[in-house]
Amino acid sequence: MTNTLHDRTLPKADTILGADELVINMGPQHPSTHGVLRVKLKLDGERVIGSECVIGYLHRGVEKIAENRSYQQFAPYVDRMDYVSAVSNGLGYCEAVEKLLMAEAPPRARVIRTILTELQRIASHLLWLGTHALDIGALTPLFYCMREREEILKIFEKYCGARLTTHAFRIGGLQYEAYDTLEKDVERFCKSFEARIQEYSDLLTSNSIWIGRTRNVGLLNAADCIALGASGPVLRASGVKWDLRKATPYAAYDQYKFEIPVGTNGDTYDRYLVRIEEMRQSRLICLQAIENIPAGPIMARVGKVLKPPPGEVYHAIEGPKGILGYYIVSDGGTQPYRVRIRPPSFINLQALDKMIRGHLVTDVVAIIGTLDIVLGEVDR
Amino acid sequence: MLQGALAFVQAWWVELLCAVLIVLVVPLIAGYIVLVERKVMADMQARLGPMRVGPHGLLQPIADALKLLIKEDLIPDDADKFIFWFAPVLSMTAALTSMGAVAFGPWFQVARDINIGLLFVVGISALGPFGIVLGGWASNNHYSIIGAIRSTAQLISYETTAGFALVSGFLLAGTLKVSGIVQAQLTDQVWYVFLAPVGFFTYLIASIAETNRAPFDLPEAESELVAGYMTEYSGFRWSLYFLAEYANMIVVGAVGTTLFLGGWLRPFPNVQWMGWVDALPGVLLGAVGVYCVVRAGKQPAQVQALFMWAVAAACFAVALIFALAAPVGNAPLKFMYAGLYGAFWFLLKVSAYIYIFMWLRFTLPRFRFDQLMRLGWHILIPLALVNVVGVGIGLAIQSALGWNHWMGLLAMLPTTLGTIVVGMLLIRWNDKHAAAASAPIATDGTRVEDSYAG
Amino acid sequence: MMPIGHYLILSLALLLIGAAGVITRRNVIIVLMSIELILNAVNINLVAFSRYYGDVAGQVFALFIIADAAAEAAVGLGIMIAFFRNRETVLADEMDLLKW
Amino acid sequence: MLDSIVFYFFASIAVISAMLMITRRNAIHSAVFLITTLLSTAGIFLQLRAEFLFIAQIILYVGGIMVLFIFVIMLVRLDVPLPQIRSPLRQRIAVFVAVIVFAEAAYIVWKAHAMQGQGILIPTAAPADKLPPNTEDLARSLFGMYLLPFEIASVLLLVAMIGAVVMAKKRTNTP
């Protein structure tokens, strides 16, 4: 609260009804800022005329920590950035270090990595869908989404023992062999998921209140998206067909057929549709991948102590929330000289001010939700 | 003086009893509506809901109430103390007072011969917004004040709709008196929901908005305004607001039931062979009593077992009245029977009405404020107005042709269809403009240039 | 039933309180509210006489007065908002220009 | 007996809160006390068997007009206590005049009661159970004899509504 209501000098009459500008503080303790985001909103009545994000409440110095850990030791830390899609974070980091080592994970490891990462994408999108719907006032989808997410987390748990911060991959491949019924579990999940996702569509896609709340809300056109560096579903909903899984294939994505859904309008509704369709596509990728998991080793020969040659590498993957990049500089020692992470949430969050200007406070909630940010990743 | 008081009590004991019952029982019922709501929500969301306190969480409301009562009573430093204290009381008082004219049964009513009947209920419950708006203002918090302003605007807008919807019912009944309205439906042999379906429908929507329930729960939209006007409230004061909300649900349910669903009458009150329905309340209550007795032995705690016994005893007592009224047939028993029997059907209908509220709450996303206003002013108010005219025309046709009873349905059919067509047109017209309304507006009042909109 | 004088005196008291409010307060909103109070005092008279003469006409007039009060409040507050927007004040004695 | 208890109850609340209304500095407090006055007046209407007017008072005055007042007070942030009149002279004069006028008029009423039957007509109330149903009675009168004034009142409201909208609307250069 920047100023109280009762004791103030009479305001300037430059807003509707002569009421003065209201500065409202949304967060860091606000139910729908998804963690500890704080947005200072300048309001004219209920209409936003300006905003400012205040971040850093969850800053843990992840990048600095990397400089004091060996390459393997740092791997679990990246799980804690975007803690709802830990597997994807791990994939990006492991592949980046592999690139630095000029090693490559064996095919079996890459396929299993792909399966788990795509499951993680579905889980992340499910969590997004549930909370986004809750922000807009639909209570029930959250529980359905959690139900499905639970099945994915169970698969993770069976695979590596952890559910949230999995540390599923190792540099050079996998620590664990796939458990016996992995294919069966994934298949069962994928089979049931088609009907479940239809359920959400029935609840939301053609619901006129949902459309009313999301259509034309938080418009972001392609040019602005690119200028702001937005990526992931936010970018694709604006009509730009850019997906690193297709553009610079990594893991085993080049082996599978899938579509990149794009939107036309770049509004909240399009982002919703894009993410729903992405879940469907991820499901297809999983189904294709379990058909044929190659046999062979799961770990490349990288040695116990990693000492990459001096040099630098940038490797980016298409995380659930957008392009997740790792820039690692090695000085030839056992610890990275510098690690810089390009978190999709942080960069997508830049678009917030542009998107909420001229909208109502109510829409701010919807727009924060549609950006799908995770504050652990924004603040690192 | 004492004699005067005694004489007063003697003359008005039924009314006094009803008043005491309302004040004591309504908060309890409200608590149990919360429980039912949580159970319904849990069922729709594939989970169980409260299960710990009592069998299937039956004692949860009591535990909740105790918790709220012993919580610290916080008043923010910068709050306007007097109004902060006064506002929730006002809300609750308005909700309970408005129940004074609700007829739960043939005699089960406080203000029995009040001439304005349902108008009293509607009017007094219109005082509720003051509690909200003053509480929001007194909290000295931006979220509270926005919630308060929203709620005021919303209530004023939707009260108009509700008023017009009620007018269509009043036209059919020809009276404002609550008992008169129910009698009219008995003599017309049809519930007015069938004669004026559009009226009922608009009242239903307006009443959801008036009680601040989802999808119209903007004043307390937790994802936007934290808790709206209740943000700074806690403990007992908060529970007063909460109770007022649920009491208001009962009130609007009662108004809708009285006017459109036949009040305390059982279904098909004039059909002789449906007489077996009369036995239903007694059997049902007996069954609940038996269930309570069976489960009482299995309770983990003494208190819970005692409570179950108490509920069982209450159920059996009422069931006994139902069972004995017909064979014994003395006047006081008959009197009690009539009231309780009416109350059973009335509350059943009100529950069904409230169930619709819950159902919608768990299914639909929330409206945005401008959409809510658009719905109210652009669709519902014109529709309700057209409906009043339609019902008037239907009544004129009816009296011109000399049709009565259920034949009136035939007379109402064309006007109802006409009203529905008008409603469709309004919705279509509104849809055309609705999408554009979401686009951002620059602060100078012009729409933001949207170069990319398809 | 009490003699009608009681009602007349009550109505008189409210009327004079309202008038005193109009004279002494500077805040236009409170002045408007005082005017509402005056109209309300008149209503008490009308209804009381209507009851005592058994003629409902008094109540009809009271209804008209309520309608009039609503119109007056709407217009009064409209003027006040327009004024507030231009002058940023609601003090009656600062409304000293015919045109602004 | 009951009648006079009810009357004095409501009358005292009405007068006290009216006085508080004009003396509060905070506009919202004033509004709250005006609401109290209006509600107790409504109670007096009920005691006078004017049921419809009772509910009209509550719905229109309290539920409509006063909500409008509070709304405006909140919108333009009048909750700031405003400076009062600098010299209390005017206030004293106002109170003095009000007390004088009240005393005079009250004396007249009292005198008239005392002189009842000497050419001065003091009406006595008809018994309550003889009254026709209030709402019906009022409706017949309103839509019969007073139909034209009724229509004129509706035109007045329409004009007021348009006027209020025009005045309160923000003037922008863009249409």
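By written order: A, B, C and D. Residues from 1 in each chain.
The rule we apply is simple: a contact is a pair of C-beta atoms (placed from the backbone, for glycine too) under 8 Å apart; a residue touches a chain by one contact, two chains touch by 3 or more.
Just so it is clear, the model here is predicted, and its values are computed rather than measured.
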item	value
Identity of the most central chain, Cα criterion	B
Chain located farthest away, centre of chain C as origin (C-alpha)	A
Centre distance in Å when chain A and chain D are each reduced to the mean of their C-alpha atoms	61
Distance between the centres, which are taken as Cα means, of chain C and chain B, whole angstrom	35
Geometric centre distance via CA averages, chain B-chain A, whole Å	43
Centre-of-Cα separation between chain D and chain C, whole angstrom	6
For chain D, residues contacting two or more additional chains	52, 64, 75-76, 79, 134, 168, 170
Touching two or more other chains - residues of chain A	5-6, 10-11, 17-18
Junction residues of chain B - those touching two or more other chains	80, 145
Chain C contact footprint on chain D (complex, rising order)	3-4, 7, 11, 14-15, 18-19, 21-22, 27, 30-31, 34, 37-38, 41, 44-45, 48-50, 52-53, 56-57, 60-61, 64-65, 68-69, 72-73, 75-76, 78, 82-85, 90-91, 94-95, 98, 101-102, 105-106, 109-110, 112-113, 122-126, 131, 134, 137-138, 141-142, 145-146, 149-150, 153, 156-157, 159-161, 163-168, 170
Residue ranges of chain B in contact with chain A within the complex	41, 44-47, 78, 80, 140-143, 145-146, 214-215, 217-218, 221-226, 361-371, 431, 434-436, 438-443, 448, 450-454
In the complex with chain D, residue positions of chain B that touch it	4, 8, 80, 82-83, 86, 114-116, 119-120, 122-124, 126-127, 129-130, 133-134, 137, 145, 148-149, 152-153, 156, 159, 176, 444-446
Chain B-touching residues of chain D, taken from the complex the two chains share	1-2, 26, 28-29, 32, 35, 51-52, 54-55, 58-59, 62-64, 66-67, 70-71, 74-75, 79, 133-135, 170, 172, 174
Residues of chain A that touch chain B when the two form their complex	1, 4-6, 15, 22, 24-25, 30-32, 44, 46-47, 49, 133-140, 142-144, 147, 203-204, 207-210, 212-213, 215-217, 219, 221-222, 238, 264-266, 357-365
